[in-house]
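In what comes next, chain A is part of two complexes: it sits with chain B in the first one and with chain C in the second one.
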Partner chain A sequence: MTTEAADSTEAVGTIAPAADPGFLQRHGATIEYILIPGAALAGALAVFGIFVAMFGKNPLDLYFYMYYGAFGTWFSWQNTLTRAAPLVLTALCTALPAQLGMVIIGGEGALLIGALSATSAALALQGLPPLVVQIAMVIAGVTGGGLWIMLSGALRQYRGVNETISSLLLVYIALAILNHLVEGMMRDPASLNKPSTREIGAANMIGSIPGTDVHWGLVFGLVAAIAAYILIYHTVFGFAARVAGGNIRAAKIVGLGVSKLILTICFLAGGAAGLAGMVEVAAVQGRTNANLAAGYGFTGILVAFLARQNPLAIIPVAILLGGISASGGLLQRRLGLPDASVLVLQGIIFVFVLASDALYGRIGFLKGKS
Partner chain B sequence: MADGSIGLWTVPLAVLGGAIRVSTPFLFVSLGECITERSGRINLGLEGTLVMGAMSAYGISYLSGSPWLGVLAAGITGALLGALHAGICSLPRVNDVAVGIALMLFGTGLAFYLGKPLIEPTAPRLPAIDFGWWSDVPQVRAALRVNVLFLIGVALAPILYWAFRTTRWGLLIRTAGESSDAARAMGHSVLLIRLRATMVGGFLAGIGGSFLSLFYPGSWNEGLSSGQGITAVALVIFARWDPLLCLWASLAFGGAAALGPALQSVGVTSGYHLFNAAPYILTLAIMIITCSPKRTLTGAPAELSITR
Partner chain C sequence: MIIGETPPPSGAFGVDAIAMTMRFGDFLALDNVELKVRPGSFHALLGENGAGKSTLVKCIMGYYHATEGDIIVGGREQAIANPKDAHALGLGMVYQHFTLVPAMTVAENLVLARDDVPAVVNWPKEMKELESFLARMPFKVPLSAKVSDISAGERQKCEILKQLYLKRRFLILDEPTSVLTPAEADEVLGMLRDMVVKGELTILMITHKFREVMAFADDVTILRRGKLAGAGKVSELTPDAMARTMIGAEELTVQPPRTGEAGKARLELEKVRALDDAGAVAVHNVSLTVRAGEIVGIAGVSGNGQRQLVEVLAGQRDAEGGEIRVAGDPYHASREEMRRHKMSLLPEEPLKNACVGGMSVADNIAFREFDRAPFASGGWWLNRGAFRDDARKKIGQYKIKTRTPDTPISALSGGNVQRAVLARELAGDVEVLIAANPCFGLDFAAVAQIHAEIMAARNRGAAVLLVSEDLDELLELSDRLVVMFHGEFVYEARTSEADLTVVGRHMAGH
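Up next, the complex of A and B:
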């Protein structure tokens, strides 16, 4: 992973200016968007290396196993991509509202509600053709998650309630609802130790992309991210959203319906996270239980910030972060690191990425000569 | 809890006991956050600080044998995390809300990492003062076993209220929160004031965490705090940045949080998880009632990004 980060910075730093002297001036901003997060990532990995060295582990082993566990083999690539799928979707839950200047961190809650809704739809429609059930699951998951985050947006717009705090509170409420239903009304009597709902049925699972073990959720994620990119950067709606995010007064003066923008964007954001919940049910778990609260929603926040809230950049970043979490198991087995080491690394990366915001526009050789 | 003599009275008693016991972390975090927010910055990372405080208090108490050293260690850990938050926020164009989210994830992750070996051993816990000696009813005695930290927190609220109004430091913090230009014009460094305010806020939040691991529930595990930190941050907003209101709100929250276990103890188990979510639902409900899109909240520090 370090090698990758180093490679990309070198490629940008050394080859580019030699090829074309005007290149830096024209693409300075784009280079910054790659160079600075890359440097932040490298810095975070270095600090994490020092951290594990304090516990007597060899940092070079650490980097090797991280690379090996994330991208070293076809098996680890598949593991990485499987984990990246929900991350793309939960990252959209933070990145879409960010276009409006809103900080939504409740993707985990929307994921859980989406999973519950999708499972309910599948259980209600047992016996129908799988395609019908799957489409119903997608609709239910997107609607459930979408309404959940739309609630945060509506509270912000109509009651002035801070959306960051309300969306996080809604995570805990969603988890309580999930536990309540899974241990009560929706419990499968056969699930003794781990209270769960009944299974949605093998025929209704969405399965793997042919030739791989990676489930179709990855494609859902890619399509959603590309659609979000087109929506934000190539439609009038997205333009209006960015205007409102840049200057809410200007948006009101030119007559944009800010309420409608906020509610729609929040619905789409929550819908993406809800779809992640549906995917986790229909491709991995096969049922709803507390396993679904695996933290994809929280890692998604980091993915969105690292991608600078750009829906397209979310795809590679999600793969990178998916890789880090995929390597967690190997780090545990080979180096004896606790499973929380992935969380520590994610935290360090997050801190570095935010601190690196201070660097934009300050790198000497990118400023150009004026 | 088979004592039939008091029957359903168990529930209000347990809620009262909960108001005293469960409220303490809410109280410390909200008072700490109150100081930080009055200086014009919001630290959402106190959830992580709370968990780190709980872990370090438990670890130090286990290693040294003294729970009070653990409390101190929790405070210092919290202050360090506060310094980290303030340090990153001092950089230009860095958003304090985002840094808070990052530190929330970092703090919990680090606590889980370092706390792995602490799940098994038992550390010495903080002593309690028995205010229920006059009663024969065990539930009453249980409800009135009060920890010293709770009393410190209760005393701290009026002290802070007074300090914000009359002391030099209180005025400086409020100046930095209301108008950083005014503070700068007076020759004070706003960043330094906010650094100190965030460190003190982190110190208190860390102590709040030590209460979790050293008194109630009184052990270290990864599910120790689930959102108490963030609830306490929200609590400051509807307590209108007033330390005395923070105290009342914390007590109400403690009571609400004790409702689930209390009902379970009298045999009402069906809505257990929903009752456990009571503090979050309560927070959301109160925020919906008290906030308004048309005006900023009275008492809100003008420099606070979250209310602008």
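Up next, the complex of A and C:
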């Protein structure tokens, strides 16, 4: 038998000194998280440019007016931020369950139930000091929205119902409940053409951040997003959620209570969307009616996906999409595009973002060598 | 011979692979390897996981194209561009896992495998031909039985028959006995050996079972880390010499001697029932007691309910009935119970069952303790520094090869993932240890380390339940041996008194 000289054994048990992989490789993952959604957004804008070119409009004008309508002036900034506020909250309704590997798309339903609950609380507590009423509205909105999405989580955990489908169907149930109540027992007899509840009262409105026209909902959104980030990445609860979301079998083998995690996360997610509903009532509408179903819940899904479900990244993405929707009016006035054009753009962005998911880990120059 | 031309109708031929080098990017999978398989010989290809055995055979079969090197079939250099070329030359491969269609009969599977299946199959004629073919073969399989109804041993015979039916006369077998009982393995290999001796066949078998090499092979080639480590006649070698050549100069962890006597009952199963994913009964009223300071081994061919039993114990599957008690208390696999009874679990396929691939090595090591000090301050705030410090310590102690503690665990090799799980599960006190195929697919160094850790846990007084498909592992480690077949425990004996043939018979359900 012939035997070659035994080669030297590798160093074991140490953190092997590896060659420095270079800046691009070291931060590959982070760069990807910015580069890929950015490219998807740019691609979507390019396709949208072709779309408006078919209407005989100059795409460059389009991009200018979009920028101008969203971020060009202090006025447009305020408009953008006002629209971003509920988006941050509804995006959390998708992003939080995503940490557990769940796809919840029913933020719109939780928003409506949250609005309805907050309105009910305000109407029931008329005459009490405004701060008490406002706090009660927050609690009612969060609880209402939270229980709504928790229902989806419970259906999944105990009855095996797909949470994506159930949360979507619950949107229509929420809308039906809202219509039933505002046209029935909660209807303000004075609201003739647009059935609505009674007003919560000007004193109970939460008002604007001093010196701006942007309502306090933006602060609620920022606080909620930062709190969600801390919860997921810096607390024991968030760690357990990430374990269960990363691999449910691993979570079970270390005895983590998966049901409790799912229900809690769903409650918090729905609570965020419910808070968005409360904000829309207490800062914008002053009452509950079908106007609340303005699609913030659905745009929130887009925000969450574009932000890769990261609670902090939701903030800039929500501002960006808030800006796109804020520019809709300007596009209509200056370019004569239909109002729904902005929805077309949102749809194109969604398709690009979902398709770009396939690119992660496949960009050659960002890959490590080993 | 020209590719596409039918090979001579009978007789064995040899295959030589000369100066084979295979690169995948920067990784050198094969480095100037030579393999010479004589015509009409039974050749064993030995090597640890990742030594390059599969790469070498895949080059021969045309799945890979070697960066450099030549393949000589029957004395002529051949360019094998794809598996079809290899088949045309009479080369065939039998895989570790079955490639038969379970819902079809044996005869249908055989005819289906042909390149020239007619649009309308004349079954009476085909059956006649198959029967006369089978009459010439040493194996007998029921032609009209459905593949799903026959045993693993018979399926493996079908796979081999399929190759012979397709007139392949150089067979490459990739760990063909991993799903067979020892008796089935001996039968199948024995019959193949007879055909080799008669000069009808040449066989190249990938394996890591020295017993099979010693009993059936003429020649052996040993690879280590992509290089030729040695080659020679089996008759001139000992298993020890082959093992040394396989692992090189790497130091193996020394397993501590078995010490101490079994104590009180620690883990008790009473009439435990569980279903599989399809809802069929997989674990049927099994009862078992594991005492402190004892290793109970559960043997059985894969798919007899062992996985579901372990999943119940690991909390990954709900039991349908029965009771599990740990130290006398009812057990439902909650975190609190696992902690109170100091339970540890080493599941099979650790990346799939016990880790989150995208989380870091440090995080994965902390899964059992992250919600307590020092990892959590005040029971809720994560203390990142503690994660890293603890991981650094355990990475050194358990010889985990990783670039940093923050590297995602999915970037580690299988052995190092299992080491990280060992570090997590065995670092503290252990009173109950449940391990399932803990060494599957790992290299010698990892296997030796894991065996040593399991034995050490036993010696410290842990009750160990070891479920394994590797009978040698069970015989080496366990104090008592239980055989599981069709969801039931059908045999139990002290390992020192167990008779291998009796164990094998029960594994096959006789």
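The rule we apply is simple: the second predicted complex is superposed on the first by the 346 of 370 C-alpha atoms of A that agree within 3 Å, B and C clash if a C-alpha of one lies under 4 Å from a C-alpha of the other, contacts with A are read in each partner's own complex, and residues count from 1 in each chain.
Everything below uses one rule, namely that a contact is a pair of C-beta atoms (placed from the backbone, for glycine too) under 8 Å apart; a residue touches a chain by one contact, two chains touch by 3 or more.
Everything quoted here is computed from the prediction, not taken from an experiment.
Student: Have a look and say if chain B or chain C is in touch with more residues of chain A.
Tutor: Partner with more touched residues of chain A: B.
Student: Between chain B (first) and chain C (second), which does A:252 come into contact with in this model arrangement: first, second, both, or neither?
Tutor: second
Student: One more residue to check, A:243. First (chain B), second (chain C), both or neither?
Tutor: second
Student: Determine, under the contact definition given at the top, whether A:346 touches first (chain B), second (chain C), both, or neither.
Tutor: So A:346 only meets chain B here.
Student: Once chain A of both complexes is superposed, is A:234 in touch with chain B (first), chain C (second), both, or neither?
Tutor: second
Student: Help me check something: in the complex, which residues belonging to chain B touch chain A?
Tutor: Going through chain B, the ones touching chain A are 44, 84, 88, 91-95, 97-99, 101-103, 105-110, 112-113, 116, 226-227, 230-231, 233-234, 237, 270-274, 276-277, 280-281, 283-284, 287-288, 291-294, 306-307.
Student: Considering the complex alone, what residue numbers of chain A touch chain B?
Tutor: The contact residues of chain A facing chain B are 103, 105, 155, 157-162, 164-166, 168-173, 175-177, 179-180, 183-184, 298, 301-302, 305, 338, 340-348, 350-351, 353-355, 357-358, 360.
Student: Using the touch definition from the top, list the residues of chain C that touch chain A in their complex.
Tutor: Result: residues 25-26, 224-225, 227-232, 236-237, 241, 245, 248-251, 314-316, 333-339, 345, 347, 352-359, 363, 367-368, 370-371, 376, 379-382, 392, 395-405, 445 of chain C touch chain A.
Student: Would you tell me which residues of chain A are touching chain C in their complex?
Tutor: Against chain C, the touching part of chain A is residues 1-4, 6-10, 12-16, 18, 234-240, 242-243, 246-247, 249-250, 252-257, 369-370.
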